[in-house]
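Two complexes come next, and they have one chain in common, chain A, joined by chain B in the first and chain C in the second.
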Partner chain A sequence: MKRYHTKGNIIFDSIIYVVMILVLLLCLMPFIYMLAVSLSDPNAIINNKVSFFPIGLNFEAYKQIFTYPNFFKAYGNTIFYTVGGTLISLIMTSLFAYPLSKTVLAGQKVAMKMVVFSMFFSGGLIPNYLLISNLGLTGTRFAMLLPFAINQFNLIILINFFKSIPTEIEEAALIDGLGYFKILGKIVVPLSKPALATIGLYTAVFFWNDWFNGLIYLNTSQFPVMLFLRNIVNGTSMIGDAAGSADKATIAISIKSAVIITSTLPIIILYPFLQKYFVKGLTVGSVKG
Partner chain B sequence: MALTENRTKRENNRQKHFKRYWQLYAMMVLPIIYFIVFKYIPMFGNILAFRRYRPGMGAYGVSWVGLKYFKMFMQDPAFWRAFRNTLTISLGNLIINFPIPIIFAILLNEVHHVRFKKVVQTVSYMPRFISTVVVIAILSEMLSPSSGLLNMFLQNTFGIEPIYFMNEPQYFRWLYILTDTWQFTGWTAIIYLAAITGISADLFEAARIDGANRIQQIFYVTIPSIMPTIMVLLILNVGRMLSLGFEKVLLMYTPSNSQVSDIIDTLVYRTGLANQNYSYATAIGLFSGIIGIILVSSSNAISKKLTGDGIY
Partner chain C sequence: MKKLLSLVLMMTMVMSLLSACGQEETPEVNKATVSESSKSSETTETENQDPVKIRIYYSDNATLPFKDDWLTVTEAEKMFNVDFEFEVIPIADYATKVSLALNTGNNAPDVVLYQTTKGENASLALNGALVPISDYAEYTPNFNARVEEFGLQDVVDKLELADGKRYYMPSLFDIPFYDGGLILREDFLEAEGLEAPKTFDDLYVILKAYKAKNPDSYPLTILAGPRVLYRMTMPSYGISVGKNGASGTNTLSWDYEKQEYFPGAISEGYKEYISYLAKLYAEGLLDPEMAEPIDGDLWSQKMATGKAMATYAYYDQIGGLTGASTIDGFKLQMYPSLEGTAGAHHQPKSKTGSGIMFPAATAKRDDFERVVKTIDQVFFSEEGAKLWCLGVEGVTYTMEDGKIKYADELVNSAEGVYKSLQINYGCGSDVTQMVWINEREMTKYDENYARINGEVAAMGDVIQTIPPTPMFDDLTAEDAGVLQTPLFDTFEVWADAFITGKKSVETDWDAYVEEMKTLRIDEFCKIYNDNLGN
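Here is the complex of A and B:
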């Protein structure tokens, strides 16, 4: 250890720490800026005074989006899609992953090939769009949920995880007279919490962030919050109607920031708790399926 | 005699097999239906590229037209522009965003303060979880000519007049690439970090005994040891060249930057969904899908041959 604190090492370490602090700042800066803008006085924004601290602290923008009925509706829609979509996806993925983890089954290899092939070749935008509309899902909330019931990458992560569970436990359960449905529900799923948390997080983030499918399949009242935000950014959705036209632009900026903050907050809050799982999930997933 | 015996034996075995595992087969019913309906039917839907579509006459068109739509887009300057743009953006993206996560992972690995390392890791992964809509919304606010941070800074420090970054074509590619850097550097670095963690400590020890300093250790131990990982990811990235972040481009697209921002996917979106030219758009989509699958499978084959490792 004595040799460690040489001059060269100290310089090297300093450079690395400077770089890492820069990375930290770069990753956090946009959020801090948005937070500052969303909490600032519109006059301070228009005079270009706001950088990383809110100037003239006010909660007007938040008050306004919370009185905005469409925002609430969109937020509720997003929660619905995220919870519903994640649940459906976890159930369907487990139902497929468990049998696929058993190589004794006839057709297991074919099914695996079918899954992998569909990862690399897909219908493309138009055939998918025509399928959804021919199924009559356009304009229903199912259009957001059903097409994404199974993600192939998540499926492969879960198959690999299920394969790593010792078969002795299942054999004991089989001797005790449990069927495979019960084994899956009562033994395999509880043992797979880390893997399920990982793919559950990926799935939840996917549903939370999705806007494009809402854009092409849904009616305005069913829009998720990201599409609401995108429409504000595009200027296709009017905001700040209550204010005079001169203030509109600046109020619009702070409202935009407030929507950005509120629509991203759940992920930022949830994410540190689940972080320990997903790194594991990614490295498991990178092992070939 | 022996033959029939064998057959009945086999049938008995099959019956036994099914009796034993029927629940596992039953589990697969819904997922298989899902795959057929939502993954495989759209694949067959691609035949629309060879058929003429008529509104209200089904999803598979009304009559065969052969390669008409393929010939059409081959002669369409808008297609070639989108094709060029796709290649330019993905090549630029590869050149810039391929090495950065490697450098980041190597440097992060040199941080010995465990807590600090964890904090940097946690924060650097986070942007990966942010919606593209939010990323572009933040970007457009930070670059806004009237109130954005960057223009404010440029004006106060250098006295530069506000620039409309989001609208001017010359900034589009940089903005696309740099937002990718911001969003995915930390995330991609996870794989390299895992590879670095797997390097045997003996190698570093030996290098130290030979008198290598830390920079030399990076160049003579760390980088050569993670070279297989780097190669696999490089080849796979090349394979995914045509699949750009479609949603991001769509969000950044404005009529004034369309010269550089129209990529194959946005072209499919505009001709297909906005102008309802379904067959034409399907043909373009199918073409880029096939090129994509050729790129992925050949790069995977190369990766397997060179490094013994691929994704499937």
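Here is the complex of A and C:
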């Protein structure tokens, strides 16, 4: 057996480490810069003095965002949509994916084709809006949750994952007297944690970032926070072209940075906890075991 | 196969059911039933009526976030016996939400603020999605009176669509403001003993002097994009190809004497204009980044650090900059329009702005007449106009010898009267203020601003009217569109080449004109003149 620490290997590893650290810095630096800008004094920003450390610590940008009417309510809404939407989505997707993973089921192929068809062709904005409003969902929080309960892409990932679970386990359970619902709940779902965590994260990120559906279906008091933040970012950048209310233009960039930090931080905090499932779920989902 | 067939059949049934639901809701304005029902409501009108409930779309700007407890809002509800339900929609997505509500007719509010019938709204209006408010002139006495008072009948008539009806009540201005223009470092002029600029040649001398002292600088910069510079300066050369210029033609200009369009992009005026910019560029006096969108932050940086000393921007953008600069004695000032070969002019401005429209479903309300009358009162009556502009007498201001005196809290605020009124009380919001009287507005600004506006007003027709928009039918609009795009592209490419010296105005001008003529600029111009309508 060859020793691992040969000269060539050490050089190779060092190169990999250097490249990795560079890539890491490349990803981190914009974020650190934004954090610094969001915490700096406007004068320092205008005079181009800010690099990676805040100059003249200043929380004005955050203060301004937090004092926006209904900001915290909107944040609460977003958390509700993210948690509620993800739960509904996981339940609905699992319930749909399980039967579709059974090739013996009559009509499974047709249903699969319809899923794929609807993945590529959708009705478009106005038919969707008409559908949702005729179902009486507009102006209710369900408009945010129900239409997105099943995402075809996630569904296919989950179907593939379910297919990879050995049928012998289910057969044994059947013989032991379990029904299909119990098999799904007690055996298949616990075995599919990585896949569920993966699509759960996908879905959570989708609901966290989704502002457009909130805009078109909901009333002001139900808006998710992303819509507020989008308004702040776009509102401040539009100043340049419009008359009036421009004294804040000088700190537009610090507000924008603060918005980015405020809106991405929760998802970034969540990510490390799900990361291990994420990698596992994706690889297992795509390669049949 | 059978299963598939039945599935397809079932899907078709569900789809047709859904689309039938949609059709059912398609709004239709039936004037006869409307006026009948409104008559009956009029007879039962009593003094102790319940407040009229009005659902209203409001376009929200992040710099002036809407608050439903603003004094203006609560007071308007009390004054006019109305219960507003504001739907506050972010400005960036306002058009999308309005478009969806009007396109589908579902969940449309009773009233939409801050819209015009330009673009998509025009075809929506012609297809029956909006109430032709000009048909209900008897319900809008305050609006009519304002139009007459400001002498805007002609201007308002021009807002009619191809069917001869007007679908919104625009906001009205008696005299347009000179709210932005040439802004430069007054402290530099004083230090060098230079006079305030009156002509573009004076500006050249000032920029040159600054460049001599600060070789690293590009003295003249712009904000947002070159279009702002173009539209604020071109009129002094008798042309205007900016967005406020020739109704978005991009290459035509309006001849105010002959009252017709002419191909401004290949006129002598434009040749002189572009030569001037090319001269500035060649001598390093014009920001080479001007072709790119320069955002507020970058612009502030350039101005505050002395990388630039002159710009075209808006007056209220000066304040923040002056406070932020670390240069000793840094002082910006706005100057009246400079004189070019065609006199001193600023970008043309309209005396009407975005305003109020009523979705078709509103006309189906039993109390439609009351809704329109209330809206007319809230926004166009004298009490309403004062409320949205100044706030409540005794709280935000008092009248002394016929003069407006603002509360001490406003006068002494760091943000100034105008901004404080906006943020704390909701006054002066473009969305809700429909009546703009220049003299009244000027009381909110500092003396300097009022002085500049006075100077500009005294100079005569500095701010010209916006040229008329031709009334195209769909086919002509398409013809014009087909001609417009390549003309504009070519114009842009050449403008950039002329300014940056890649092409010489002296030697390549004829080739440029030839190319524009090959792209049929004359025919494009003729289409515009042939469809002016009156």
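Throughout what follows, the second predicted complex is superposed on the first by the 215 of 289 C-alpha atoms of A that agree within 3 Å, B and C clash if a C-alpha of one lies under 4 Å from a C-alpha of the other, contacts with A are read in each partner's own complex, and residues count from 1 in each chain.
Going forward, a residue touches a chain if its C-beta (ideal position, glycine included) is under 8 Å from a C-beta of that chain, and two chains touch if they have at least 3 such contacts.
Everything numeric here is computed off the predicted structure, so don't read it as measured data.
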Partner chain(s) touched by A:Phe181 [first = chain B, second = chain C, both, neither]: first
First (chain B), second (chain C), both or neither touched by A:Ala252: second
First, second, both or neither for A:Thr220, with chain B first and chain C second: second
Residues of chain A touched, compared between chain B and chain C (which is higher): B
Touched partner set for A:Ala106, first chain B, second chain C, both or neither: both
Intersection of chain A interface sets (partners chain B, chain C): 45-46, 48, 106, 125-126, 129-131, 134, 212, 216, 227, 230, 232-233, 249-250, 253
Chain A residues touching chain C - in the complex, by the definition given at the top: 42-43, 45-48, 68-69, 106-107, 110, 125-126, 129-131, 133-134, 138-139, 212, 215-216, 219-220, 227-228, 230-241, 243-250, 252-253
In the complex with chain A, residue positions of chain C that touch it: 3-4, 7, 18-19, 21-22, 25, 60-67, 86-93, 96-97, 100, 103-104, 106-107, 179-180, 223-224, 228, 294-297, 299-301, 304-305, 314, 316-317, 319-321, 323-326, 415, 419, 422, 430
In the complex, chain B residues that touch chain A: 17, 21, 23-28, 30-32, 34-35, 37-46, 48, 58-59, 104, 107-108, 110-112, 116, 119-120, 122-127, 129-134, 136-138, 140-142, 144, 146-147, 149, 152, 155, 182, 185-186, 190-191, 194, 213-215, 247, 250-251, 265, 268-269, 272-273, 278, 281-282, 285-286, 289, 292-293, 296-297, 309-312
Residue numbers on chain A that touch chain B, as the complex places them: 8-9, 12-13, 16-17, 19-20, 23-24, 26-28, 30-31, 33-34, 37, 45-46, 48, 50-51, 92-93, 95-96, 98-100, 102, 104-106, 111, 114-116, 118, 120-131, 134-135, 146-147, 149-150, 179-181, 184, 205, 208-212, 216, 226-227, 229-230, 232-233, 249-250, 253, 256-257, 260, 263-264, 267-268, 271-272, 275, 279, 282-283, 286, 288-289
